[in-house]
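Just so it is clear, A, B, C and D label the chains in written order, and each chain counts residues from 1 on its own.
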Amino acid sequence: MAPNPKLVDAFRAAETVQDGDTLYFGGTVLDRKPMELTRALIRAGRRDLDVVTFAGSLEIELLVAAGSVRSVAAAYVGLGRFGPAPRYVAGVKAGGFDDLEYSEWSLLGRLRAASMGIPFLPTRAGTGSETLAIHDFASVADPYSGDTYVALPPLQPDIALLHAWRASPSGHVQMASPPQHLWDIDVLAARAADRVIVGVDQIVSEEAIASIPERTRLFGFEVDMVVVLPGGSWPTSSPPEHDVDEGAIGAYVSSGGEPGTLDSARPS
Amino acid sequence: MTASRGEIADLMVVALARMVVAGDVVGVGLGTPIALAAALVARHTTRHGVHVLAGGALDVSGGVESHLRHSRDQRGLTPGFVPHLDSMDMAERQAMTLQFLRPAQVDRFGNLNTSRIGVRSAPTARFSGGLATADVPALLPRVIAYHPDHRPRSLPAQVDWITGSGHGWAGNTRKAAGTVAVVTDLAVIEFVERRGRVESIHPWSDASTVGENTGFELSLPEDAPPTPEPTPDELEALDLVDPRRRRDEEVPDPPGRDRRVTS
Amino acid sequence: MAPNPKLVDAFRAAETVQDGDTLYFGGTVLDRKPMELTRALIRAGRRDLDVVTFAGSLEIELLVAAGSVRSVAAAYVGLGRFGPAPRYVAGVKAGGFDDLEYSEWSLLGRLRAASMGIPFLPTRAGTGSETLAIHDFASVADPYSGDTYVALPPLQPDIALLHAWRASPSGHVQMASPPQHLWDIDVLAARAADRVIVGVDQIVSEEAIASIPERTRLFGFEVDMVVVLPGGSWPTSSPPEHDVDEGAIGAYVSSGGEPGTLDSARPS
Amino acid sequence: MTASRGEIADLMVVALARMVVAGDVVGVGLGTPIALAAALVARHTTRHGVHVLAGGALDVSGGVESHLRHSRDQRGLTPGFVPHLDSMDMAERQAMTLQFLRPAQVDRFGNLNTSRIGVRSAPTARFSGGLATADVPALLPRVIAYHPDHRPRSLPAQVDWITGSGHGWAGNTRKAAGTVAVVTDLAVIEFVERRGRVESIHPWSDASTVGENTGFELSLPEDAPPTPEPTPDELEALDLVDPRRRRDEEVPDPPGRDRRVTS
């Protein structure tokens, strides 16, 4: 067999991103954020990005500080128990990018419609909300009852960027067990996206994957690029490898949002 | 009369817990220890006729701190884990029956704002976003809000932004009552027929304080009873589920600044 | 705490079924069929049942032989590598009950709509099929493209009857790991149904459940009754307890569909 | 010319495998060893540029028998398991690209019958049901049928019941081509512009035998080539993926009764 073309470095992965792409950032709040892939995008000078994430944190901070974003679509952006995301909040207040707030169900419902391959997902979620009204979704009548529902259209990001535990050269990706909270949203976003780039703490053999097949969450044919990035989610968590680095996030907050405090990969 | 952060947190938690009924399946969101403690206290006081889904795990024994652990540390403490998409389905099919929400603002219709103050393109404040706040009032049989800093800007006549629509909104095709009540650091208010009605006033407050600190007209009976103090059973449950008092974190310090310390 | 009312015997479970109920039978082909619960229904004399199953086999044979069914809705009825289901085929040919053939996606899609709590699920699956036309589903226009899709309405059986590995008195149900093929359809049907009755090979403590929480597939609040029925899926499989009893199924086929060969629970 | 069950099974398997292209993700249904062997042979001959999902597991090493094992015995042999609802989603979003189907009948439009002969309320034959046969022609980029008993009642002008709609049906909004070909024990037939066209004839048959045993008019060039015999690489793959010849089970015994043993 030819050398597997899925294994690339972060530079090569960032090169495949175009200015203006719609990028989904995996992880939720302070867990599993693809920080090192985000740094690579910034180093590559990517701009006008339409950023989508279910619950964003420090990756959004870096991107906003670098001036890389055209819009941020999310159901939450903040630093969890560390409070608001200072760069993000300042950026929204200054009108520096389009603040596409989503409700949880409508963002995830759009990704579900894409991953299910259906034209729209009918839902009652969000009815009456101004946050829903931002998006101007069509409504649809239930052909059985005549009642009106929101019709969530598929959301298919150009690329999903994830950080995960480990993968094999052929691109099978495994996550920790027991599962970390909200892990399945990473899988959902990957299946919704056109292309998938996964940074992993460990690259392992195909045999290692097959030895615990029940932990495989994405298959090689669903993954376009694998980047070996030990500690690549730092300072956010990466189960089972490491927890949130609370000191580093505290230092970031204390600095008032100085991206330099997050510049490098995880200190070893 | 004065009240400490701890007294306020305790009474808010038990007031919320008393609204939980046997058979409820309570979903708890991220970063809301009062909501989590209330659900767990209710689980205790109903002798486990209530289920609590928080952090992707069900009914984690050991209380608030255990629910906040990483899942790998929950083995032996939980009957099982729930993928998030399953919990979405549970909500939409009403297998989840109740959620407590902590918005920045609640208005006279029970509309909830967790989004922003001011216009979207250049707001004067941007909160972290509501996650499911926009969704669950239209899905679950009921939603109950809480706010630990009862003042006119927190309970205005009209929220600056309707993240989640309130009680009695039109168009719901199932039994989704919307936001049926709000528990504050001053009182328990229920939304009935599109109006806020004071059900009880906390011992350290009174009718005029509640009225003055609310931005809309309340149905406020002169003889509104005091919110009953935590019972011995409730106090025991509070100690069991939250011995390290994570619930206090949500109450401002000093509580209610200077407006409430004397009644 | 009061004695847990979820633990009942098969007689009591069968009593809660009404003539004319719509019943979903769990398991697929020769795996995890709720045979002993089926026998209990027949002993209780239940009639005019609207039977639904994704892929039916011997439970359908018993019910047809007993004259209990008004209709059979399924995407498959047969005995897998043992060939056709003789009683079922004879019953269909004789017009003994309504043969509500489903396509796989439309049956599972209807259960999904119910478990997702949505009014209908739009799909392209089954377009142009006469099997789909049996059901006279409404169509729905995608409000974005205008294209027409099938609108699958929710299917909410009155009761789902399952056989599973083990459960606790409070009704938490665990299944084998690695997962048996098609296990998730049992969970789907349970979540779609009004009420759920689960027969299990083992009753275990709540502590035993919590010791391997990642194997829990249904939670107590989703399960109405638990019946302890060791070998209750015999002669179909029940992982990890036992495989298909090929001899017993062969004997049934050789007998030309004599239900007496399947009358008792698994011989020990 | 005569052909044994084994020769028929081998040539059908490799003819199907040759239609698989690198990058295909092939879904295989229950109880179809020829389909499974074909997908696994293609995986071998494309040097693993093909993925096979069967029995809820992906790319089980060890061939047909391993795919038929219980999942607990597949640890070490598969990269992972796929819940069935995930595989449904894969099909509908076209992450699954191909499925082989074995219907009772295939007609001139590639319509497939796995349901019944006669009226629904009192049919003269009732097959076991088509599972996804009705669904996948409208979902996947392409579907390929096979039938090991080529005769007029198997390939009629019109199927008795349209379980799965054929090639070129109206209304598909994605690139779902429907049933693009059928491989039989006599020939390889492709459906092009709503017409069956003979691509090749198996070595033991000829144009007139194919024509006489087909219930509809075929585009049948006089110079239709013989279906190439299995190559050494294909024979090696056949041995690797199905050493116990489970594929033979799908071929009737004696094959094709008396109509084909002499050409």
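Structure notes:
Keep in mind that, in the parts below, a contact is a pair of C-beta atoms (placed from the backbone, for glycine too) under 8 Å apart; a residue touches a chain by one contact, two chains touch by 3 or more.
These figures come from a predicted structure and were not determined experimentally.
Counting only chains that touch, the fewest steps needed to get from chain A to chain D is 1.
Taking each chain's centre as the mean of its C-alpha atoms, the one that lies farthest from the centre of chain D is B. We define each chain's centre as the mean of its Cα atoms; on that basis chain C and chain D are separated by 29 Å. Between chain B and chain D the centroid-to-centroid distance comes to 58 Å (mean Cα coordinates, whole Å). The distance from the centre of chain A to the centre of chain C, each centre being the mean of the chain's C-alpha atoms, comes to 38 Å.
Those residues of chain B in touch with two or more other chains are numbered 57, 74-75, 81, 92, 139, 173.
Each of the following residues of chain A touches two or more other chains: 118-119, 123, 145, 147, 178-179, 213-214.
With chains as nodes and touching pairs as edges, the resulting graph is of another kind, matching none of line, ring, star or complete. Here the chains touching each other pair up as A-B, A-C, A-D, B-C, C-D.
Against chain C, in their complex, chain D makes its touches with residues 30-31, 55-57, 70-72, 74-75, 81, 83-85, 88, 92, 115-116, 120-124, 126-139, 161-165, 169-174, 176. Touching chain B in their complex are the following residues of chain C: 1, 114-119, 168, 170, 172, 191, 206-207, 209-217, 219-222. Those residues of chain A that touch chain B in the complex are listed here as 29, 55, 74-78, 80-81, 84-85, 88-89, 92-95, 99, 101, 103-106, 108, 112, 123-132, 134, 145, 147-148, 176, 178-185, 188, 237, 239-240, 243. Partner chain A is touched in their complex by these residues of chain C: 118-123, 138-140, 142-145, 147, 149, 151, 153, 177-179, 213-214.
Interface of chain D with chain A (complex): residues 25, 47-48, 51, 57-58, 61, 74-82, 89, 91-95, 139, 173.
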